[in-house]
Each structure stands twice: as structure tokens, then as C-alpha cells.
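To keep things clear, I will list the structure first and then write my remarks on it.
Chains: A, B, C and D, in written order; residue numbering restarts at 1 for each.
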Amino acid sequence: MDKTMSLSEAISAHLNDGDTVALEGFGHLVPVAAAHEIIRQRFSNLTLARMSCDVIVDQLLGANCLTGLIAAFVANSSAGSLYELRRRVEHSDPEPLWFDEYSHGGMVARYQAGASKLPFQPIASYRGSDLAQKNPRIKAVGDPFGGPPIYVVPALNPDLTVIHAQRADSAGNVQAWGMLGIQTEAAFAGRRLIVTVEEIVDESIIRSDPNRTIVPSHVVDAVVEVPRGAHPHAVQGYYDRDDAFSRDWSAMARDAESVKQWLQTNIHDTADHEEFLALLGADHFDKLGIRDAYSTPVNYGGRE
Amino acid sequence: MTAGTPEHTDTKSIGEDVTSSELLTIHSARALAGRRVVFAGHGLPTLATSLAQRTVAPEIEIVYESGVTGARPPDLPRTISDSVLVPGAASVIPMTHLFNYVLQGQRIDVGFLGAAQVDRYGSLNSTLIGDDWEHPDSRLPGSGGAIEAMAGAAEIFLVMRRHTPRTFVETLDFVTSPSPHRAAQSEVGTMPAGAGVTHVITDLGIMTRFAQDEELTLTAVHPGVDPAEVVRQTGWDLQVATDLEATHAPTPEELAVLRDDLDPTRIYLR
Amino acid sequence: MDKTMSLSEAISAHLNDGDTVALEGFGHLVPVAAAHEIIRQRFSNLTLARMSCDVIVDQLLGANCLTGLIAAFVANSSAGSLYELRRRVEHSDPEPLWFDEYSHGGMVARYQAGASKLPFQPIASYRGSDLAQKNPRIKAVGDPFGGPPIYVVPALNPDLTVIHAQRADSAGNVQAWGMLGIQTEAAFAGRRLIVTVEEIVDESIIRSDPNRTIVPSHVVDAVVEVPRGAHPHAVQGYYDRDDAFSRDWSAMARDAESVKQWLQTNIHDTADHEEFLALLGADHFDKLGIRDAYSTPVNYGGRE
Amino acid sequence: MTAGTPEHTDTKSIGEDVTSSELLTIHSARALAGRRVVFAGHGLPTLATSLAQRTVAPEIEIVYESGVTGARPPDLPRTISDSVLVPGAASVIPMTHLFNYVLQGQRIDVGFLGAAQVDRYGSLNSTLIGDDWEHPDSRLPGSGGAIEAMAGAAEIFLVMRRHTPRTFVETLDFVTSPSPHRAAQSEVGTMPAGAGVTHVITDLGIMTRFAQDEELTLTAVHPGVDPAEVVRQTGWDLQVATDLEATHAPTPEELAVLRDDLDPTRIYLR
């Protein structure tokens, strides 16, 4: 079954106002182009699940797409603060934000429970942490094997999950390498799943290395080819991180009006990700090039 | 430091040519002597672990929160999720495995963290500054994986760039990562597997503690630092070891590895 | 740190009488040579954890190494019954066997909890199953999020885990492909871990493909090169399954005395796995050959 | 079957040249019409699913308990963990993902199982025969993943090679994989996500049920089979559909694909 479509089609077909949407990727393979398309289509009242935040959280907030956030780390990686987010949290400016806060381990456990269709997942941390006091959704259950009560976090089942990967076939068998974050669990936890990839490849490539598949096709609703879809984050084997972009964001976003202007120029006034990239300049990716380093092939041979 | 060391000032320069960052990194590296599996945050902990591997702990294996183990990056990683960590690494494991099997699985000897505030038992705050949790004065990054590192690692080393009464506090504005002392006061949840913070390396000196109900004690000051100044810069009644030592100055070898091999472009050694 | 040693050294250094030992591998990459070495060294009073049984369970029982078994499937794969096991369970012949029984999902959950140092793992199956009545270690906890009580299974932390893989470096970074069973979880759950491999390779091979590593070196206590260490099971890219061997076992093991003779000739009278293989005949592996099928290399390139 | 079809006998031969295995496989395949994600045990379920893919359900994706999805084996797999399944497969996922995310995660449309005994609501026994659980008359293989397939799949198809009163029983010797009807009588645990057994394909005919408290009903018999004989061979008071049908004989096309393409060496088509 061919599940390929355009990013615009995929987002409009699978996202609704008011949804909880997970955009996952841990400083690598982040579905940035998909976040921009959500802004471009002016979705509202969304709750974003994003374990470890980055510029797209500020961008979605600045575009007023979000009323809620589920996260564990709310800075711009190591590039500074996310000022749209801080204005919301510190001053409810321009509006309050419902912030459902966990640790990274708690977010891992929530996605894992969601992917597993369990009501909750036990976790050995949180004893004595104010996080467990602040968040009423961090609860405890008794241990029938004689230990103390143990904390549990509830399953997270986003209405839509979007992940980005190096490649997939048109049926949606998704392959990724390098740092994989929580993408597989977020994919299985989602009620719907869009996968954006650097390249749609022939299934013979995928099937030459089946252990590389991080999400099998039956979980996938839409496959979209979006080259450079993770910028300013890296994609292993494709392009490097654009630290200057992330640093510049933190400097610029101190001013709410600048964020609005940036969104207008770069998202609303561009038709798609290709036009967005064009604004960066034709040679922008030259300085984000990588040195090739190919894996040693393994032998999948079986019975003759 | 050697002869000619000036008094400690609040600037970055410690000696004629040793910066505060270099001093912190070198003392952090020394504390890793003999340790093997180290969970390192980015920045100074990464630098310190790499330095330790070249000096006091050749068998060290760095584990990053992004799932990378045994990295040998050709360039200094800019964050814990820098893709430069991956080529040539020994493994990249899924994040579920990193959090469930490695951190919670108690496979880490030393977790190397930073924080905005620390208290006398080594509880850490990296969540917010202010007394209104819903509308803090400053919203900080949050736990990330710090809660899990504190709960699962055998020991935590803490590096604090600036030792002040606003960072070494009597009462944290928010207890993000609780010490075992603090956890023991609760009756719900699993006790931390390890000892919590055992070493704190600051721009003034070194504090240590080893048992659940033991407070951080000043055990060494950097050359030229008055222990009374450290007490003044600490927000609680800091205990000072009777056998207080002066730290040994960075050696030319340590400085050479750090400056020439590890961070020649001064990404972290500001 | 070089962790390579002989199989004989590894087993004698890391196993003790009375231990719980996990030998995992799901019809592929089964640590058969290690099981034989346990028999050869005449360990006793062991409890074996093995999700899905096969000939080595019958062999360990026939050699009187086991007083307990933790498992979910107790036939000889599709090759028939395990008669040593059936004699124990049906007639306590020659002695009773403590049998701690779960489903495959239950064993997966037990290893997962063990690897995660959690007291238990929730599981959505077992409601209405007699297995939950028969096994008092399958318990339930309340759901603080409003659902019905949910079944949980206890953590499994073997004293020793042994797994077999295609390759490792001398430090113990282990790589495997094809069907991976529950080996990673069993490895992390074990208090000690021995890995047998078809080949010890230079670390440059391992490090050219770090996502292929299923167990990182810091978890491993001993690495042992044992070519053909999984026979009669397959190793992807190395050799095919030996179904005739497994079928012949089920036929032969109907007679307890034949099992004893087989063990004497094939295990006790051989010094090591190489001698065991030699008894199969010089050309035995000719008919278990495979057709090569190499993976397409992926680019791990990063910043120049 | 066509003219000249003999009466059903208890041997393997159904028609002049159609074996019981072939008949079971072909009717199993037909039941998969329009289904997409199928969890297949080895043997007839694997064969049936492959046949369905070539006939009534071209989009079908087979998932094996060993973690293999979308396999296109060059040779018929001998078990669900045969390494022949791997080269050219769409994915091999870890067993934790298969059990937690695919089966428990409710991603399976049809789970295709066998069993030693089945009851009127489709509860299955694959654990033991006898009334002493500790010392059974016959110890069977056990659950394997059957409990999880029953609990997580939207539907279960059951194929039973021999329809007799010892296999279709009033009371199971051991309830390994409970029907939703049975699970509903318990107050502990999570209810099965799906409908349980909806189709049973035997050497005599086909039974179906669709709702939690509905019994298996005989809805079709193979040509030449007397429905009264099916009732006699069933250990409970079997309901027979008022619009009972005769199954359609295997077509030459089905037989050709099965015999010439899928199992030319007769591994399963005994």
C-alpha cells in the first residue's frame, strides 16, 4: 500500500484542532518541517508532547498553536532559553500555558506505556522530588512483592505523532540510525502516525537490512519525503546541526514581536519547506556538510 | 597554583594563565580516578571525563543521555545529542534502554551533573527560581534526565561554576533531584540506588559527603582561597574539614591535553 | 579492557551451584555451547530461565543440573516434545521439578523489569487465564488512573545470563542481527553476563555500525569466541538450523537411558565445543550452509 | 468439491486429490479476505496467510512472534523463528516491541492460532491434559505467546486439524488463553482488547462467533459432511445456524498456488 503524500496533505488529513500531537526527536531527526506546516495551516488549541524542547516549541507557541505542553526539558538545547515559553510560564504572557511536567525518564515511561496500551508504567525515580508534588498525574501503586509503594506515570497516547527519519519505503517501513530518541515508542503510542524522511527509497534497500527498521509499515498512516526536514538539527549521514540558527533564535525570541515577524516571513509567507529553506540562502547547507563514514555490511544470509 | 598565584577574585582568571573553567575541569577529571562508567552532561563534564580518560582513568566509558556509549568524537561535542558523537562510537542504544536499563538499571558509577542550586545534603534544583511554582521568577530548563541520574547512579559529581550564597542554599526553591537524605523523608517511591552527590567541584574548592545523612563538607580549597570566604559564600553553616587541604595546581601536562587536544577552539574553556 | 577468555574459564568463574541462570535465544543465537559447558562442569541445583525451551533444556535436565525451570513454552520448538522435561513434570521422574510458568509476554515483562531494576512490570494479559491461578507470583495492583486492577509479574534477575551473538569486540560490545529474542533484556537483567560469539572482531568493525550493538561493553563480564556455538539453531549469516538434530533428539529422548549415554559420549567425553562438533562429522555443516545476503551500508557521517 | 466427492471420512483425504491440510489451509485463507495485519503461528496459519496474500488479501502483512514483519522467504519457514524469514523482510523488531507494542499494543487484526482444546466461547487450552495441574497426564507446550495474541488481537482465527469431542470440549482441562466471555467473569486484570475467537476452521466445517457472550455456531460444513456428525463430534450442545451453508470446494487456482508455489516439497501439506 502506497502511503506517500505531501506534507501539506498529511498534516491536514491527520491533525485536528484540540489534538495532542507528539513531535519527537532528541537533538537529531527532529520533525521541524512538520512543525512548520502545523503553523502554516494555523492549527490551534493543540497540546504538544515533546520530551526535550527546542526552537519548534517557541515557534508553535509564538504562532499561538498551543494551549498545552507535555515535556521534561524546556530550554533550547544548549543554545539558551526559549523565551516564548518562558513568557508563557513566568507571566502567562500572552496567555497561560497548561504545562504537564515530567523528567526525561518519566516521558520515556509515559510513551512506553502508551505504546504498550498499559494504563501506566512504574518508575524508580521521583521519591522526594517536588516534581511528584507539583504534578498530580505522577501517582503511586503498592508493591505486591513487598517493597515500598512505587511511583507510576500515566500512558501517553497522542492523537497524532510525527517523527523524522533518514529513509522509508513507500509502504512506510521506516529506517533510522544515529541517536534514535524516543521515536519508536512515540510512533507506536500515537493514534495516527506521520513519518517525514530525508529520502523515500526502494523497498529493496529497506529489505536488505530489516533490523534497521525502527517502525514497521502497519503502524504508519502517511510517509512524506522532506529533505532537510530536521534543520536546524542534524541528520546522521545527511547534514550537521546548525548551531548558529538555534543560538540566533534564543537571541531574537527575547522580543515577542520579532517572533511574530519571523513566523510571518519564514512560515506563513512560504508555501512549503522548500521555500522555507530557500530563504536560508542557496549555500546555507554548504557549511553543514558531513564527512562520509559507511557501516561495514553484515551478512543476512539464510538457507539457500 | 605555584608561586605568584594571586588572591581569588570573582573573575574567570584564576592564575596567570589558568581559567576557572580549566580549573574546574581538571579537578573534576582528577575526581574520576579509577571510576569506569560515567554518565556525562555536556560541557565541563564531557571535557573532564575525556581528560580523565587520558590521565587518571584510562578505562573510563562515557555514557550520554542520547544513548551513545564509548564515543571517540573527532570534534568536541557541542551537546549530548551532537551527531559528532556517533561515528566510531561503541554503541548507540535506544533511549528506552538508556533510561530503563542503564540509568534505572544502576549501571552508572558516576553521574556528572550541574544545577542552579544545591543544598547541604546535595539535593539539586534545576527547575525554577522563585517561590511560586506556577509563576516562577525564572523558569529553568527542568530535570531532563537529572532525576534519573540521581536515582540510579552509584555517585553523583556536581560541578558548579560559581560558588555563591544564591547557588549554595539553605532551602531549594524547588527540589528537582532529591538527595537520598531528602528521599528518605518520604514514604512513597523507590529509594535512590546510590549515595547521591559525593563530590562538588566549584571555583572555590571541593566539598564531599559519603553517607545518606552526612552534609557536604569543605575538604579542599583552591590555592589562595580563604576557607572563611567559602563559608561566607555558602548559604548554610558549611562544615569545614579539620584536615582541610589545598588543591594541587593543574600540571602542565593536564593543561596541555585540555587546551591542545581536547578543546583547541575554546568551545567550553571560556 | 580485554574480557576475552575460554568458555571453560568463563563458566567456572561466573556460575555457582544453586544459581538462577538465564540462557536466552529464540530459535536463533541460542547459547548451546555454554549449556554444554555447564553440563561438562557438572553444576547442580540450578534454576534455568529460558523463555522458549529446546534441546538444551532436556540436556540440562538429563544431566541433573536443574532443580527449577522458569519458562513459557516447554516443547522442542516444532520438532516434538522434550521428554526429559515431560518425565519430570508428569511423573516427577527421576525427581520433581520446580516449574515457574508464564506466557512469552510474561517472560518478556519479567526480564524487562529485571533489566530496569523495577520490582514488577504490568501486563494487559492474564485476565481469566488459569495461569494466573496456578502461579502465585502473578499478582495484581490497583490502577490509580481509574481502570480495573492490572496483573503484574515480578522482576527476573538471573545470577548469570549467557547469550550468543554473531560478533563482539574484545571489550564486549556485542552485535547481533536477525531475530534478537529477549537477549538484550536478559543481558541487562543478569547480575553477571557471559557472551559467546561466532567471531571476536576488531573494534573498528563494531564501531563502524554502533546502532548494531545490542549490549554495550560495560554490562559484559566475559566474551568468548565459540564458532558454531548455537548449533542446532541457526545464526543469521553464518549457518542454518539443523532440524534433523532437533527431531532426532525428541525421538531419542523418549528413553532416559539413551539421554544419559548421549550426554556421556557427546559432553562428558569431549573436552570442549570443538570436540563436540567433531563428533557430528567433518562435513556436517556443509548441508547447513547459507546463501550470502549483505546489507546495504548506511552513512554514519558526522561533522567534518 | 465437484461431482464425485466422496463422503467425509476420518482420513486425511477429502477429495480424490484434496487433503485435509489443503482444505483447512484454503478455508483459512478465504477467512482472511480483507484483513491486513495477521499474527501467524507456524504451519497452516503461515501457509494460509501466504495463500490469502496471493488471492483474497493482497495487502496482508504477516507478523511473526520472532519479531519479523513483511517476510518474503525464499523457502517455506519451518518454524516462526526460522532464519529463512529474515532476508528480504520489511523489519525485524525486538521481542519487547513485538509483545509490548504490537500484540499488547493492539496492532494485530487477526491472530491465527491452534490449540489442544477449545470450548464453546472460544477459550483455549494449550497447557496440559488431565485434572492434576501439578502432575498432568500430558504436559503440552504451554502458552508461548497465545495468551497475548488472544488478549491483544482484534480477532482470533483458530484452526483445528481434527474435530472430535476430545478437542471441542464442554470444560477445558486448563484455560490457557481465555475468551472475553471467560475474562469477563473475573474482576482482576485488563479485559481482552478484541472479540476473541471469531472463526474456527476444522476438517468438518466452519464455526463463527462475534460477540463476547455469543457461543460458537456451526455456520458451514464441508461438502459431504453431515451437520449431525459435527454436533456428535463436539463436546457441547453445538448450535447450528439455520442458514447453514456448504463450503465451496477449493478451486484449481487455489490448489495450484498452494501446491506448486507455496509448499512444493509438502512440508505442511501432509
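In the analysis below, a contact is a pair of C-beta atoms (placed from the backbone, for glycine too) under 8 Å apart; a residue touches a chain by one contact, two chains touch by 3 or more.
In this text, all values refer to a predicted model and were calculated from it rather than measured experimentally.
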Label of the chain whose CA centroid is most distant from the centroid of chain C: B
Chain pair, A-B or B-C, that carries the greater number of C-beta contacts: A-B
CA centroid of chain B to CA centroid of chain D, Å: 59
Whole-Å gap between the CA centroids of chain A and chain B: 29
Computed distance of Cα centres, chain C from chain A, in Å: 37
Distance from chain C to chain B - Cα centre to Cα centre, in angstrom: 40
Touching two or more other chains - residues of chain C: 112, 116-118, 123-124, 140, 147, 150, 177-178, 180, 184-185, 208, 211, 234, 236, 240, 293, 300-303
Where chain D touches two or more other chains, by residue: 68, 82-88, 92, 100, 104, 152, 193
Chain B contact footprint on chain C (complex, rising order): 1, 112, 115-118, 169, 171, 173, 184-185, 188, 203, 206-208, 210-211, 213, 216-219, 300-303
Complex contacts: residues of chain C adjacent to chain A: 116-124, 139-145, 147, 150, 152, 154, 166, 175, 177-178, 180, 205, 208-209, 211-212, 234, 236-238, 240, 289-304
Residue ranges of chain D in contact with chain A within the complex: 36-37, 59, 61, 63, 68-70, 72-75, 82-93, 97, 100-102, 104-107, 152, 193
Chain C residues within the chain D interface of the complex: 26-28, 52, 71-75, 77-78, 85-86, 89-92, 101-106, 108-109, 112, 123-132, 134, 140, 147-151, 177-182, 184-185, 234-236, 240-241, 243, 293
Residues on chain D engaged by chain C in the complex (per definition of touch): 42-43, 65-68, 78-88, 92, 94-96, 99-100, 103-104, 123, 127, 133, 135-148, 150-152, 174-179, 182-193
